[in-house]
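Have a look at these structures, which come just after this line.
In what comes next, chain A is part of two complexes: it sits with chain B in the first one and with chain C in the second one.
Entry: the complex of A and B
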C-alpha cells in the first residue's frame, strides 16, 4: 500500500469551513426533527395508552405505517412526491428556501416520532398501577399524584431509551445527504470529491460523529445518575434498551 | 394520481428491486437475508466476546460495539466503498461492499442484544449444567443459547426489521434494490408520488409480516416453557 497521507487537506482551503457547516447543519436538522419527533411521539404515545378507540386506532396507524418503512423512502417521498401536490406559489417559495432541508427535517421528525411513540408508550406502561393507587391512598389528588409521583418516575425510566433513540435520530440525519442536504456526511463526501483524499475525509467525518454521539451519551448517563432516586428504580438490565 | 405506472413497471420493481433477478446486481431480499444471517452469527461472537473474562477479548469487543454504534451506517458504507479499492487495488462490486457494511455494522447492535439475552439466563442454569457434567461448549450450545435466544426474540426481530429497512441505503452506492429500482423508473416516468408510495407499501408488508411472525413465535415459545417455569 503506497497511499500518501495528507492530513492538511482537512484545514487548507475551504474544507475546514465545510466541515463546520456540515456539523451545524447536522445539529440544526437533528434538533428541529427531534422537537417534531418529541411532539408527535408524546402525542401518539399518550393517545395509544388512552381508552378512546378512535384515537388509539389513529395513533397505531401513524406508528405502524411510518415506523415500518425505510427512512430513505420517506426522504424521497417528502422531497420528490409531496411538493408537486402543493400549489405552485408554495412550491416556488419552498424551493427558494431550501426545500431539501425542510423535507429531510419532516422525514426525520415524522419517522422518529413513530419510534419515540413506542418508547414513550412502553415507558408509561412500565409504571405499575399500584404506584397510582399508593399515591391516591396517601391522600394525594390525581393531579398531585401525577405531578409528584408518576411523571417524575416516568421521566427517569425514559432517559436511557430516549437517549438511545435521540442518538439514532442524529445518526440517521446522515441519510439526508441523498436529497443533497449539506450535512456532515455530505460535506465529508464533498471533501473526498474535491481532494481525492478519501481516508482523511472519512476519518474526519467519523471522528466528528463519534465525538457528538459519545459526548451526548456521556452527558445523559451523568444526568441519569444525578437524577436517580436511591433504591427506587432498580434498572433490571443496565445494558438493555 | 395514476397508478398505471406501478402496474406497468411491476415486474421490474418486484423481480429486479425486491428479489434481485434481472440485468443489474440488486435485490432487497438478496441483500437483506444473507446480511441478517451473517450479522447474527458475527453478533453471537461479539456478544460472547463482550462477556469474556479475558480483558484482551472483552476490551476490543467493547470498542467495536461502541465505535459502530457511534457512527451512521452511511459512513460505514462510504468507508468500505472508498477505502477498500485503495487498499486492495481492486474495485469491489456493490453487492460485496453493501453486504460487508451491513454485517459489520449490524453485528454491533445484534451483539448487544445477544449479550443482554445471555445475561438474562439465571446463573443457576450454568451451575446446574456444569454439575450435570456438561463441558463449557455444551453448556453454551444446549443450555444458555436456547434460553437466551427465546428471551431476546422481540429485540432481535426489531433489529432485523431495522436491518431490512437499512438495506435501502445500499442504493446510495448504486446497488439496484427496491428503492433504486423505484428511482430508475421515476427518472423515466416522473411519477414520484405513486412510485414511492408503492415501495413504501411493499416495505411495509415485509416488515409488518416480520413483526407479526415474531409475535406468533414469541407466543408459541412461551407456551412451550410454561410447565418448566412452574416446576
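Entry: the complex of A and C
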C-alpha cells in the first residue's frame, strides 16, 4: 500500500485529549442509555409474560415498533422530529443545552430497551413451570417464589445475552455522530481532519472500542462465575478436587 | 503446527498478492480494467450531487468526464469508462490508499497537511468559507458567531478554523450537507458554515431560496483540487493535462458556464482574478 504511516499523530498535539473526550462521551451516553434500556426492558419484558391483555399488547407494541426500525432513523426521529412538537421556549433551551446528546441517548436507550425486553422475557420464560410449582409447594407465596427462586435464577440465565446486548449498545453509540454528538468515532474522524492520517485515527478508534468492550465482557464473565449456582445453569466449572 | 502451515502459506500468498497489486501504477490499473474509478459526492450541489432526474451529475463530474477521461484514454491507448463511488471527507483518503478509487473528484480542499498523504491535481475552483443563515439573522460573518450554535461539516477545514479563531462558538458537526441544512432549518443551530459556493448551492436547491442568505467575508481560502495516490506522477500528469487542455481550449470555462453561469444551477460568476489564476496554471505544451 502506497501510504506512509505516522503513528505519532496519535499522541502529539490535542489528539490524546480528543480521544479521552470521545471515550468519556461514549461512556456517558452508553451508561445513561443502558440504564434507560434496562428500565424499559425489564418493564416491558415483565408485562409481556403477564396475563393482563392490555399490558401485554402495550409491551408488544413497544417492542415491535422500536426494534424493527433502524437505529439511524431513530436518531433522526429524536433529533429532528421530536423538538418541533415541544413549545418553542423548551425547544430553544434544549438546543442550547446539548439537545443532540439527549436525543442520541433517548434513541439508543429506547431502541435497546426493546431488544432488552425480548432478552428478559425469554429469561423469565425459560424457567420451567415445574420450578414455580415446586417453589409454591414448599409453602412460599407467589411473590416470595418470584423473589427467592424465579428472579434470582432468571437473572443468572440472562447474564450472557445481556452482555451481548450491552456491547451492541456501546458500539451502536457511534451512530450518534450523525446528529453531531462528539463521541469516540467522531473524535477519530476529527483526528483525520486535522492530520489527514485516516488509518492511524481509525486504528486508534478500533483499539479503544475493543478495549472498552473487552473490559465489559471480562467483568460480566467474572460476574457470571461469581454468581454461578453450583450444579445449575451457569457454565459448570470443571471439578478440580 | 502442521495443520497451521497451509493456512499460514495461503495467508502469506494472499498478502504477497496484495503487495504486487499495489505496486501496479494507476495508469496500469486503468489500462488493465478499462475503468477510471472516482470517489465523488451525492449531496454537494453543484459539484457532485444526484439531481431531480436521479442522475449523478455536477461540475466536478463533468470535468472528469469531458476533460480528464479523454486525456487518460489517450495515455493508456484505449477507451476508458468512468465509474463513480460515493466518498465523504472521512473516507476519501482511505478510499484512495486502498485502491478502491483512483481519483477524488468532489469538493476537496488542497491543503499542505493533506499533501503528506495524497497528491493533488491543479486547482479547479477557488472559494472560501462563509455562513448560511435565515434571512434577517443577526449573524453577519465570523465576527458575530461568539456563543452561537454553528453547524459545520465533519472532516471539513472550516470547523478547524472556527475552533481556533472563535473558541466560544458552539460547533455542531454533521456528516453531510443535507443533515446540517435540516438542523439549520429547524433551529437546532443558528448558522451553517461551509465553503461559500457550497452554501450558494444549498440555497439554490432549498424549497424557498429567498428565505436564506449567504453572509460574511471569506474567512478561509479553499482551493479545490482532485486528489490521487501519492507518488504516481504519470497519472497526475494525465489528469493535469486534461485540465490544462480544457483551460487552453476554453472547454473548461464552457463547463463552468453550464453550472455557474447566469442560467446555471448556481449562478456564481467567475471573478477575473480567479480566471487569470486558473489560466496561469496551464503550462505551455
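In this section, the second predicted complex is superposed on the first by the 231 of 241 C-alpha atoms of A that agree within 3 Å, B and C clash if a C-alpha of one lies under 4 Å from a C-alpha of the other, contacts with A are read in each partner's own complex, and residues count from 1 in each chain.
Heads up, the rule we're going with is that contacts are C-beta pairs under 8 Å (C-beta built on N, C-alpha and C of every residue); 3 or more make two chains touch, one makes a residue touch a chain.
Please read all numbers here as calculations on a predicted model, not as lab measurements.
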Clash-or-fit label for the pair chain B, chain C on chain A: clash
First (chain B), second (chain C), both or neither touched by A:99: second
Touched partner set for A:84, first chain B, second chain C, both or neither: both
Which superposed partner A:193 touches (first chain B, second chain C, both, neither): second
Contacts of A:65 with chain B and chain C, given as first, second, both or neither: first
Which partner reaches more residues of chain A (counting touched residues only), chain B or chain C: B
Which superposed partner A:180 touches (first chain B, second chain C, both, neither): second
Touching partner for A:172 - first (chain B), second (chain C), both, neither: first
Intersection of chain A interface sets (partners chain B, chain C): 1, 3, 80, 84, 177-178, 189, 192, 198-199, 202
In the complex, chain A residues that touch chain C: 1-4, 6, 79-80, 83-84, 91-92, 95-96, 99-100, 177-180, 182, 186, 189-190, 192-199, 202
Chain A - residues contacting chain B, complex: 1, 3, 64-65, 68-74, 76-77, 80-82, 84-85, 167, 171-175, 177-178, 185, 188-189, 192, 198-199, 202, 205-206, 209-210, 213-214, 237, 239-240
Footprint of chain A on chain B - complex, ascending: 66-67, 69-75, 78-79, 82-83, 86-87, 112, 115-116, 119-120, 155, 161, 165-169, 171-172, 179, 182-183, 186, 192-193, 195-197, 199-200, 203-204, 207-208, 211
Contact set on chain C toward chain A in their complex: 18, 22, 89-91, 93-94, 97-98, 111, 113-114, 116-118, 149, 151, 154-157, 159-160, 172-175, 179, 182-183, 186-189, 229-232
